[in-house]
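Here the chain labels run A, B and C in written order, and each chain numbers its own residues starting at 1.
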Amino acid sequence: MIATNIRRLAVYLLLAFAATSGGLSWWQVVDASTLAARQDNPEVIAARRSALRGTIFDANGQVLASSQVIDGISRRTYTDAAFSHIIGYASLRFGTTGVERAWDDLLTGRSDPNPLRDLVNDILARQPPPTDLTLTIDRRLQDYAAAQLGTDVGVVVALDPRSGAILAMTSTPTFDPTPISGDPATAAGPMEQIGAQPNNPLVDRARQGRYTPGSIMKVLTASAALDSGAMTPETTFPDQPREETEGFVVEGFRVLEHDLSPVTPALWPFSPALQVSSNIFFAHVGVELGSERFLDYAKRFGFCEPLVIGPSDRGLSVSPSYVTAVAEDGGCAPFADTAEVAQAAFGQGRVNVTPVQMALLAATVANDGITPAPYVVRDVRAHADDPAAGPSERVLTTYRAEGSRRAIGSGAAAQVRAAMVDAVHGELGRLYAGAGDVTRYGVSGVSTAGKTGTAERGPDLPPHSWYIGFVPAQAGGTPAIAVAVIVEGGGSGSGRAAPIGGAVMAEWLKILAAG
Amino acid sequence: MTGEILRILLLILQLSFLALLYLVLFGFARSLLRDLRSAEQAQIASQAGIGRLAVLESPEDEPPAGHAIALGPINSLGRNVNNTIYVEDDFVSANHAMLTFRGRSWFIEDQGSTNGTYVNGHRIDRAVALSFGDELTVGRVRMRLER
Amino acid sequence: MLLPLVLLVPLGFVVTHIAQTGEAGTGPMGLAIVYLLLMLGAHAVLVAAGHRGDPLLLPLVATIGAIGLIMLNRLAPDLEETAAFGLDFTVAETQLLWFAVGVGAMLGVALGFRNDGLLRHYKYTWAIAGALLLVVTFLFGREVNGARLWIYLGPIGFQPGEFLKIVLVVFIAAYLAEKRTLLRDASARIGPIRIPPLPYLLPMLAIFVIVMLVVIFGKDLGTALLFFGIFLTMLFVATGRRSYVLIGLLLFLAGSFVAYRLFDHVARRVDAWIDPFADPSGVGYQTVQSLYAFGRGGLFGEGLGQGLLPTAGGRFFGVETDFIFAVTAEELGLIGAFALLALAVALIFRGLRVAMLARDDFSAMLAVGLTTSLGLQTLIIVAGVLKLIPLTGITFPFVSYGGSSLLASFLVVGLLLSISHRSALAAEREARPT
């Protein structure tokens, strides 16, 4: 009957309209936030062009980035080039990077940090005002670190090992973002000039730089071996003294010791081996650990996956660090053979790491074996009309990072810590890492834990100079700062990186003491 | 009017617009539903009406077997689609019979069909009065008059 | 049912005015008043003439049209004005003029069409006229925005395709109503699939050919899809066989696939549909901006007059025709867009009800076809701007700017009113005791 068919038709049409409504809801509600974040969305473009952007303050309320609306265009001014990479830039011409990008919607006032208020704003079609950000970084320390690096190409990353708050993160060479963030018509020239400078100043080496770590990797090897029981602080390898001069052959690959003079090789347990940074000792440890456990522990420390600084929905990404070749899915491939494990154990071979990852390694040892989750934005505040007068008192949201996880047990952490203190203060150690001792920089009564690294890059290239450490490191003390320093092509670790690391940590202790 | 007051006014007006739109929508929805309900009620009412034809046998399923057809005062039966009761069957003529309610009784009259109209198995040749429970057969379709 | 509109339309105009100018005021309220008078007047005429047709059709159309008028009024400042007879008309004014013409035509058809014999018995004449119209459009039509659909008589352009739609429905309704009784069960089988018998198959293939021609020469995918969809729907209602519809769909998909491979303009549309973000400033631009507009709308919308789509990239093309739904969704939010869709659905259901109550096969089929034409058209354009199907240049009935579309839609409603009027009269006659 026609009537029956009409009824059926009605049902089909209703289904079709229901599907359409579903599609409508999808784009208007479900997927709306993804659409809104896309850079070519006219709303985003319009908002950024003329809307006042919130101010970014350092931990003490110093202005780092502020905006003024001149002639209807929002122009951004940056006060400190040491922050250029972590804050990034908000350029009408070139887009946004760094914190400016990750927190774009709050800085422009497109959304409200409080989700309930956000919904109300949506209903009332109200444009919330821009908000200001306070970073965890103290400008004094950041500037000091940048000054220490000077004209060298390198990175200083420092964080609070217990909370994960980033205390300093600077990469040199750097650039001035102000000329490219102003009038879009005049931004192209300065950008070209920046691009023409040597050593790629636009690259944030702290987060994207990948380097061979060299000896600082031994801290991870030791942590893994002690925690898994592959080694104890008393373990020795009988063949080791002989192999110091002859080399240690693993599956046809000969591991050679670096130049130990003036120290003479002997049978060393863990602490002295770390103090002199014995490749042979740690190659043995690596072999004892085995490829599976090594890889497993590396992942526990955060290797083989991208890291994130800050809350995960507004994170700054950090490139993954690798111990082996890169697998198809972007993770770590398994070790090819035992020789590769042996090399990875002292930080050569295919190991390449980011400075942030190494800072987290130091922080884990400092924090009883728990890797803190790093974050760089401390809170979001109401917009202060006059940035020069300091941030507003009205804090809208305070952020804490989530996701700290335990990498090794506190027992193993304590053992590694003691050895790292020896590496700086011990008879043998101070020959290598002594330069990283904070007492050399005007601080007294505090033990420093540290490790230098001299990363070989090949026959004709000067090695990278590395240093990781933390203070105060005495047993029973509470660590306040953990650092990782790299100077590209800086030579031996003790040469450039260790003094910078020690000085920066000392400076922080002084800042803390001054209140 | 200051800017702020105007903004609030605009907001109220915009929300009122949406609210009013939905009021209109609900108005339509209610009318639609009322229509449906009254159609249902008409069905029920017709079942309490002057009579129904229960379809007992219907090889072509038109009218559907097992269903009851509500009857009006005048009902034509046949194979032409314009009949009140459309019967799909090769042995039914285009205008086969008339079923009418006159006074207080039902009457069935054959319209000169080829194969004839049967009441309780007997072929009729003039208008015949029906009682409730009588069976009508046209072609191969068998129906029963019910209250 | 029309009364709330008296409040709604002026309110919409006021909101738009305040939002766009930042001052208190009413905007071109004259337009709103004329519109309301038009609709109330039409209602009065129907009542006075003793029209028994469906009482909800006109209010539904009036409400949907009201939203359309409010949106066009909102868009007017961003769009060019048409010059005719020495005066400049905004889009809202032009649309209102066409509303008046449309309402007049609707009343004429609703009241004047006492006997549908003209439609029912001359179906082949209608078919030939329709075919001629199509040929003329191909030969003499001007290509506008990639589709050769328009014929210009002096300053006035109109789309014959819109009226062809009605002619097509009339023809198919008459044809199917006649053939239906003769061919209920006769169908050939190829394996497990039922093939429609020749009298069904022939017109199906004929229409398929016409449709493909429209796609190729007229370069209009939307109209092609619409025609074919209407035919398949009517075929389903007439026969109840889902397999016929399936076969038709398969045919269409096959044809589309071939067209995709052979013809550039088809390929471009389909590529833009599959991943518009791959080329957001080129082929995918319109779809991408449309999606952004939906996203910005959110639950409650940005507010009338405050959306960004009309001015995206300077001037967003098609905002008053194809993308009018996107602007509506952006400014009135999910809540508003859903309301508009619901109203369209209500109109469709009302039309189907008219079909169900129709007294004979031809009227029923005609009502089904006409209703489907409105319904499918709405579905196609909404699904297109939502990236559910490829985007086609079809108008949203009663909302999109366009005189031919509006006039044709009103003719459709007029015919529906006429059919429902006659059904009601017949019902009353039968209920009267003899």
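By definition in this document, a contact is a pair of C-beta atoms (placed from the backbone, for glycine too) under 8 Å apart; a residue touches a chain by one contact, two chains touch by 3 or more.
A quick note: this is a predicted structure, and the numbers were derived from the prediction, not measured.
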Busiest interface, counted in C-beta pairs: A-C
Chain occupying the middle, per Cα centroid: C
Averaged-CA centre spacing for the pair subunit C and subunit B, given as whole angstrom: 32
Between subunit C and subunit A, distance of the C-alpha-averaged centres to the nearest whole Å: 58
Between subunit B and subunit A, distance of the C-alpha-averaged centres to the nearest whole Å: 77
Subunit C: positions in contact with at least two other chains: 300-301, 303, 333, 349, 361
Where subunit B touches two or more other chains at once, by residue number: 11, 14
For subunit A, residues contacting two or more additional chains: 124-125
Residues of subunit B that touch subunit C when the two form their complex: 1, 3, 6, 9-11, 13-18, 20-25, 27-29, 31-32, 35, 72-74, 81-82, 84, 88, 100
Complex interface listing, subunit A residues touching subunit C: 2-10, 13-14, 16-17, 19-21, 23-25, 27-29, 31-36, 38, 40-43, 46, 122-125
Residues of subunit C that touch subunit A when the two form their complex: 233, 236-240, 280-281, 288-289, 291-292, 294-303, 306, 308, 312-313, 329, 333-334, 337-338, 341, 344-345, 348-349, 352, 355-356, 361, 364-365, 368, 372, 375, 379, 382-383, 386-388
Interfacial residue positions of subunit C with respect to subunit B in the complex: 1, 4-5, 7-8, 11-12, 14-15, 18-19, 22-24, 56, 59-60, 63, 67, 181, 184, 300-301, 303-304, 332-333, 335-336, 339, 342-343, 346, 349-350, 353, 359-361, 430-431, 433-434
